[in-house]
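Pasting a structure below so you can have a look.
Naming follows writing order (A, B, C and D), and every chain is counted from residue 1.
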Amino acid sequence: MSVGRSAGPHPAGAPVARVRNLTVAFGDNTVVSDVSFDVEPGRCLALVGESGSGKSVTARSLLGLAGAGASVHADELGIAGSSVLGLSERAWRRRRGRDVGLVLQDALVSLDPLRPVGREVADSLRLHTPLGAAARQARVRELLAAVGLPDAGQRMRQRSGELSGGQRQRALIAAAIALDPPLLIADEPTTALDVTVQAQVLELLESLKKAGTGILLISHDLAVVSRVADDIAVMSAGRIVETGPTAQLLSAPTHPITRRMLAAIPAGVPRGATLALPHPVRSPLADARNGSRGRDGAMIPTTATDSRAGASEEARAEARWDARQRASEVVLEARGLSKEFRRPDGTRQLAVDNVSFALHRGTTLGIVGESGSGKTTTARLVLALTTPDAGEVRLLGQPFTGIPEGERRTLRPAIGAVYQDALGSFDPRFTVREILHDAVTGGRPRSPASAAAPARVAELVDAVALPQTLLERRPLALSGGQRQRVSIARALAARPDVLVCDEPVSALDVTVQAQVLDLLDELQRELGLSLLFISHDLGVVQHMSDTVAVMQNGCIVETGDAASVFEAPAHPYTRQLLNAVPLLPAGPARPA
Amino acid sequence: MRTRTSSTPAIVGSPARRDRVRRVLRHPVLVHSAGGVFVLWAVATLTFFAVRLIPGDPAQAVLGGPGSQASPEALAAVRAEYGFDQPLFVQYLRELGRLATGDLGRSYALNMDVAPLLLAQLGGTLTLALLSLAVAWLLALALATWSTQGGRAARAFGSGLEITAAALPHFWLATALIIVFSTGLGLLPPISVPGPVGLILPVLTLAVPLAGFLGQIMRESFEAALESPFVLSARARGEGELGIRFVHVLRHAALPAVNLSGWAFGSLISGAVVVETIFARPGLGRTLLNAVTVRDVPVVIGVVLIVALAYIVMTLATDLAGAALDPRGKRA
Amino acid sequence: MSELEVQATLSRGERERRRGRGRVTPFELLAVVVALFLLVAGLMPGLLAPGDPLGIDPNAAFGPPSAAHWFGTDESGRDIWTRVVHGAGTSLLIGFAATAIGLGLGLVLGTVAGMLGPVVDFSVNRLLEVLFAFPGLLLALLFILIFGPGVWTATVAVGLSAAPGYARIIRGQLIAVRRSAFVEAATVLGRTPRQLLVRHILPNTLAPLFVLGTLGVGQAIVWASALSYLGLGAQPPAAEWGAMLSAGRTYLTTAWWMSFFPGLVIVLTAVAATVLGRAIERRARYA
Amino acid sequence: MRQRASTLLIALAAVSALGLTGCSTASAPAGASGTPVAGGTLTYASGDAEPTCLDPHVGGNYPQALIATQYLESLVSRDDKGAIIPWLATKWTTSPDGLTWDFTLRDGVTFTDGTPFDAAAVQANIAHVQDPNTGSSTGYLALQKITSTEAVSPQVVRLHLSAPDSALLESLSQVWVAMESPTALKRTQDENCASPVGTGPFMVKKWVKQDAVTLVRNDDYTQGPADSAHTGAAYLERIVWKFIPDSASRYAALQSGQVDVIDNAQPDTIVQAEKSDQIRHLDAPRPGASNRIELNAGKAPFNDVKVREAFIRSANVDAGVTSLFFDTTKRSTSVLSSAEPLAVSRPDLFGYDPDQANALLDAAGWTKRDAAGYRTKNGTRLTVVFPVSTNQSIPAEQSLFEQIQATAKQTGFDVKLTPMDLSSWYAALGENAYDAVSAPYTKVGPDVLRILYHSDGITPAPSGYFANHAQVNDKQLDTLLTQAAETSDADARADLYTKAQNRLLEGFYVLPLYDQQNHYLYRDAVKGLRALPTVSTPTFYDAWLAD
């Protein structure tokens, strides 16, 4: 590979990054304390932690970009063999891009959306080398080709919005390695990418590593880092709590945080098994930082479990919900659904092409596919938010599409929905209580029937294990996991038979994701819910589903029993997806 | 000639050509032009009927108002000449016909054709408005660039300056500028004299409040852009603060302000009425104000139409500029 | 949620909190003081200035600011402080009435466009485009040409010229809200169109109008004063700020205070309206 | 050649006249300091509305007169004593019955388009003013009595009148009946309006509407009116005549030297200018009527002389005039301008006396007062509707009205001041929807009284315009005014006008305020500027720039 390390300015074998007792504070708020690590050339160190654990701030301190008002202290802070402590902003600028490159997540926003990609990649060359415009262009072309972007010449004239997610991420990496820096910091480089693309990006990082670049990889997902990291450092509340070689740390985690993160990885975990472990440390640091926002981590203490048990008992009393014996009944059925969209340029695109499936009571049907495969359109068709061009949806044996909305409304309570963007699905003026009250009373908050509503709201809040103290908050002031819980509580308000979950956890950290998945699982068991579970994440779908449908380009290419699909995929596309799923090297020691 | 079968390339190509035609038809310039013609027609129609509501006899107005002692014969002659004796609808059609050929009619008060009169005034007002727009842009940008670089105090100061500037009435500002720069310091002429020196105070008067408005909008997007990940990416590449601002943030900050420039142009025309009066600058605004006070209907219609036309062109220009800055296309 | 997003959200939240919720900035304090002053002046001018705003005293004409006449006197010896205070009612009334007219009209047009389907939307949009082609003051001048000059014509004219802007914002907001995820979510919950409209769409569309209105009052006062300045609005000897300023400009070289103080209160009022509007908006958004 | 001797004589006469009247405030010291320098461009800024037509025959208002004075000349002029002096006519005779006038024209004068100035030209001009299609109002009224014209010889023109007209020479001295080239008059009115051709010291070069008129020197010009300071062409090469309606801007422009001369100077700036040595002041009150409020005697409440007197007695004008005009003008108690030698002042009638006003109102039956303190009679409030033309009344005057409103309120008058544009104002007058009004009227000589207060002036023209706003309908006054207009004997005429004025003033039809203001400010470098004592328009013939 032409992007490999050439002879760097630093002594061979010396660490490209050396950090000793790094402490970063914003005013009185210390977010990183006493962090020490080395990144060796040709090796990859992964900093893993939950949101707010301080890993990003740590990484940015290595670029002198910890942020306005940050006070950074360290016994040693060296990049490419020389200390960067106390560098002036001017001196920092000379080193950024040259000695250290940064790759952020989601290149759609991490590349300037208004500039051609080629210019972005050429920036470092422009800033740090005397190369002329033509020479820069040639180098950019080389770089783009090296990171595996086809048609480099054409791509460099396009803007990030015109590229696919994978292409963007490659371009971003190309920009970071333009000057061949000895150290590359990759902050969540694969989050929000489809699995196959994720695999490709990881592969690219791998090849850079092989070429001699030292990589500091930041992620919340142990499964992802396990693919490229040689060493892993687990961070929590601003400290490194455990560190070690990848294989060792994954197979024999010692710190509870590490174990919790490992347990949260859904891939390969059997259906029904709990993913989330209780949070071992209530971090005063993190609490202080999050202020009044509250945290998911603090959400599953025993008291919550107690109330959850109480709630489910009451729920069980509901006869309508007790549907175990009717497991074979089809509650939701799609027959030959098709939907075509017109693109802005006037051409047509078949988003959903002749999709059929059946959801049985009390079971989960997982729909998996990459972005653009038609999953979300399918969900909207099922929820009758979009009219199908062909085919129909039947709910509880009755037609749900092809009838006027007024008629459909009587059926709506039987189907609920949980969305990826929970925040957007709430009326911003409503508090949590108002949201649930509205859902419980059917939009008539002052109707006579609403007398029982407060009790029901309390019951729902308990069912999703939300503290009652959050009821008066607005969703904006909640964390992602809490929002998703509110969203689930709302969906349950009308006691639905079917819950459509469209990417319910893809915006969440792995550990929070684990909690939400556990919750859904539990609710399904207790309430006999039928779930239509849509996700791009095979691991999640595998963990949650009884039946699976794999979608590609609007079609279901393979469907069947979850176990058989995942163990013996028939369709090449399914196999391709499965291969791309980041798995832990060996089955880690799961806590019982 | 042999009939071509459906498989011949020419026919296969025809949907593509249709697509091309469709694309051309949807070309922003064409769509805007069609819309522009509609707007002009509507503006003309609206104004035509609106001015019929103006109290007073138009024939009297032609003859110099009620003070002119016009004879009944003269009034009748004028009514016939101008078609005031015709049914309203006929007058309307005639008017449209005239306007379509670029004939804006004849000023009642100034004894000359409206089109050449306004054409002569148009340049001055356009120069004033466009220069003011440019200066407002520069001021707003400079302030945003400078004040977002400093701390909270600088930001608050910048923001306060913008809000205050936006609240300044043109006529007050003009007065203050005259007192300071002409009467006080004797640096600049208090009235518009030919040449660039005479433009400074009028342009400042129009530009400062507008800069306040644009600045508020720019600051918001400036600050948002400064916090966006792509700026972090650029910093990580070693980009300096000026580079960050001029290479990356500026474009983003400019976008909403560019989109507002059509509106801004309209408000500048409004401001020109006041500014041209105070600085004794020939132009559409002053002509309009005079025409309104003496009820010179053809001039009023003419100014309205020309301003509408300028506004349409300006909107088109800002849309195109916006599209050039942000090729992502408009999100609905 | 990724580290980065949390960071971004937190820092923004933090920033907003620092700037807005907890603390009142000096600007906001000033704005509140100005607003309180205007309120008292508008409702009970006698409290602040017991004199007669129209009471003349030719012998005291053109008096500079002094202990007896804080803002000086005008050409007829009237006390400018008294006139400024008594003018607050008129100016505020003009500002509020014009904004109410503009908002009301904008609301009707915007709602009609946003609610009644694409054909109506298209038509209203074209109408708005046409109205936009009349720059504000031009529309006002045309209106005054028809109905003659005066306070009320000027008020209506200013309101009219503001209406298309409001209509466009309201329509955009309405459409954004209608297409928003939470309205879809409510549809999935089985809400009727009426419920959607009453419980979600209208409240979320109208809430920003309050802020918009606050900002608008300041601008309306400025524009109405411009009309008065051109001799097309309030007429002397009425104690209206724009008219006072206009009268004062004649004596600029001998009595600067005649035009300075009315101008100052116009600017202060508009600034206060903007600052308050933004403060309310921020608190509403991050409450 | 024959002409030369008489020209010389006239010039000499003018110089001696100047010597006699050198201390007059109305005329600036022409050529007083230094030797005149030829050349240069002078910029004049007018606060008046831009004329719609540069030919003062058309319509005929003051803004036209201001500019036309620079390029048109009249048959006769007036010196600052009010005596008629030769201009384009060197001498004139009248028949004993006063119905025939012979004017001998100056020899060798040509219009700037080359057309010779002769008897035919005068005939053409009078015909033009009298042609209804011209749309002349001021000039038309001035020449009303001329029935026909006759060219006795190329140098002598004879005018036939319908009745004796003692004001004929005064009328002919006005620029609204000045002489224009007959060749040019044959063009369309639009063309003639854009560039009228006269015999004056300057010519219209270019007119950019809404901006400026450019005048250039007429190099072939030989002599001005008999009271001019020099002969031959003007000194200035060019005059740029700008229109700057905003008074503050206008004064600022003068201060900073962008313009050399401004008109319509505000009283406060005049005071300021008089203190400065950079700016000079030329005060030239207009002839004709004074500025006054006319009370509509044609309807209630002012059809009662007691109410009229009560209003006049309750208006405190003196204090206002003093403070608003900064002593640049004096309170007038005459219907006529102080520039008119025959003006009669009656300070005794116009003193501020609220007690007497109250007594008069009580006597007139306006005995009750309503809640607001206004007097009522039979439930009707004592209301005075007072439309104010913002185009005609300067700000200081409007302020004075406000003060009158405030003082009259104490007596119980509810004065409703309604500022309006000219068009609405005319309409209000036409509908008789006014009780009080102030309208300027400029005309040389006391004959203005006939136009303003003869009962013929009550009948509106088809357009609704009428000059007798006070709606004075007094047969005795009519007779006095008609007689005065036909009497050529100076003493008898003076007596008649005195009687007429006293009758008018004692009837309390008008509340005189002050002279019609005509203040010019100019840079010190402008020398030799003076106002023509006809209608007080400035003439730049003798002017030159010292820098």
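We take it that contacts are C-beta pairs under 8 Å (C-beta built on N, C-alpha and C of every residue); 3 or more make two chains touch, one makes a residue touch a chain.
The structure displayed is predicted, hence computed values, not measured ones.
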item	value
Between C-D and A-C, the pair with more C-beta contacts	A-C
Distance between the centres, which are taken as Cα means, of chain C and chain A, whole angstrom	45
Euclidean distance of C-alpha centroids - chain A vs chain D, Å	88
Cα-centroid distance, chain A relative to chain B, in whole angstrom	48
Touching two or more other chains - residues of chain D	246, 248, 421
Shared-contact residues (touching 2 or more other chains) in chain C	4, 11, 148, 249, 252-253
Junction residues of chain A - those touching two or more other chains	104-105
All pairs of touching chains, each written as two labels joined by a dash	A-B, A-C, B-C, B-D, C-D
Interface residues, chain A side, partner chain C - complex	51-53, 55-57, 67, 104-105, 187-188, 191-192, 218, 220, 289-291, 293, 383, 385, 406, 409-410, 412-413, 415-417, 419, 421, 424-429, 438-439, 442-444, 474, 476, 479-480, 490, 493-494, 507-509, 512
Touch list for chain B against partner chain D, complex	55-56, 60-61, 63-75, 109-112, 117, 120-121, 175, 178, 182-183, 186, 189-191, 193, 277-280, 282-283, 286-287, 290, 293-295
Of all residues in chain A, those that touch chain B in their complex	63, 65, 93-98, 100-102, 104-106, 109-115, 120, 123-124, 127-128, 159, 161, 172, 175-176, 178, 185, 344-346
Chain A partner contacts - residues on chain C that touch it in the complex	1-4, 6-7, 10-11, 13-14, 180-182, 184-192, 195, 199-200, 203-204, 207, 286-287
Chain A partner contacts - residues on chain B that touch it in the complex	19, 22-23, 26, 228-230, 232-240, 243, 247-248, 251-252, 255, 325-329
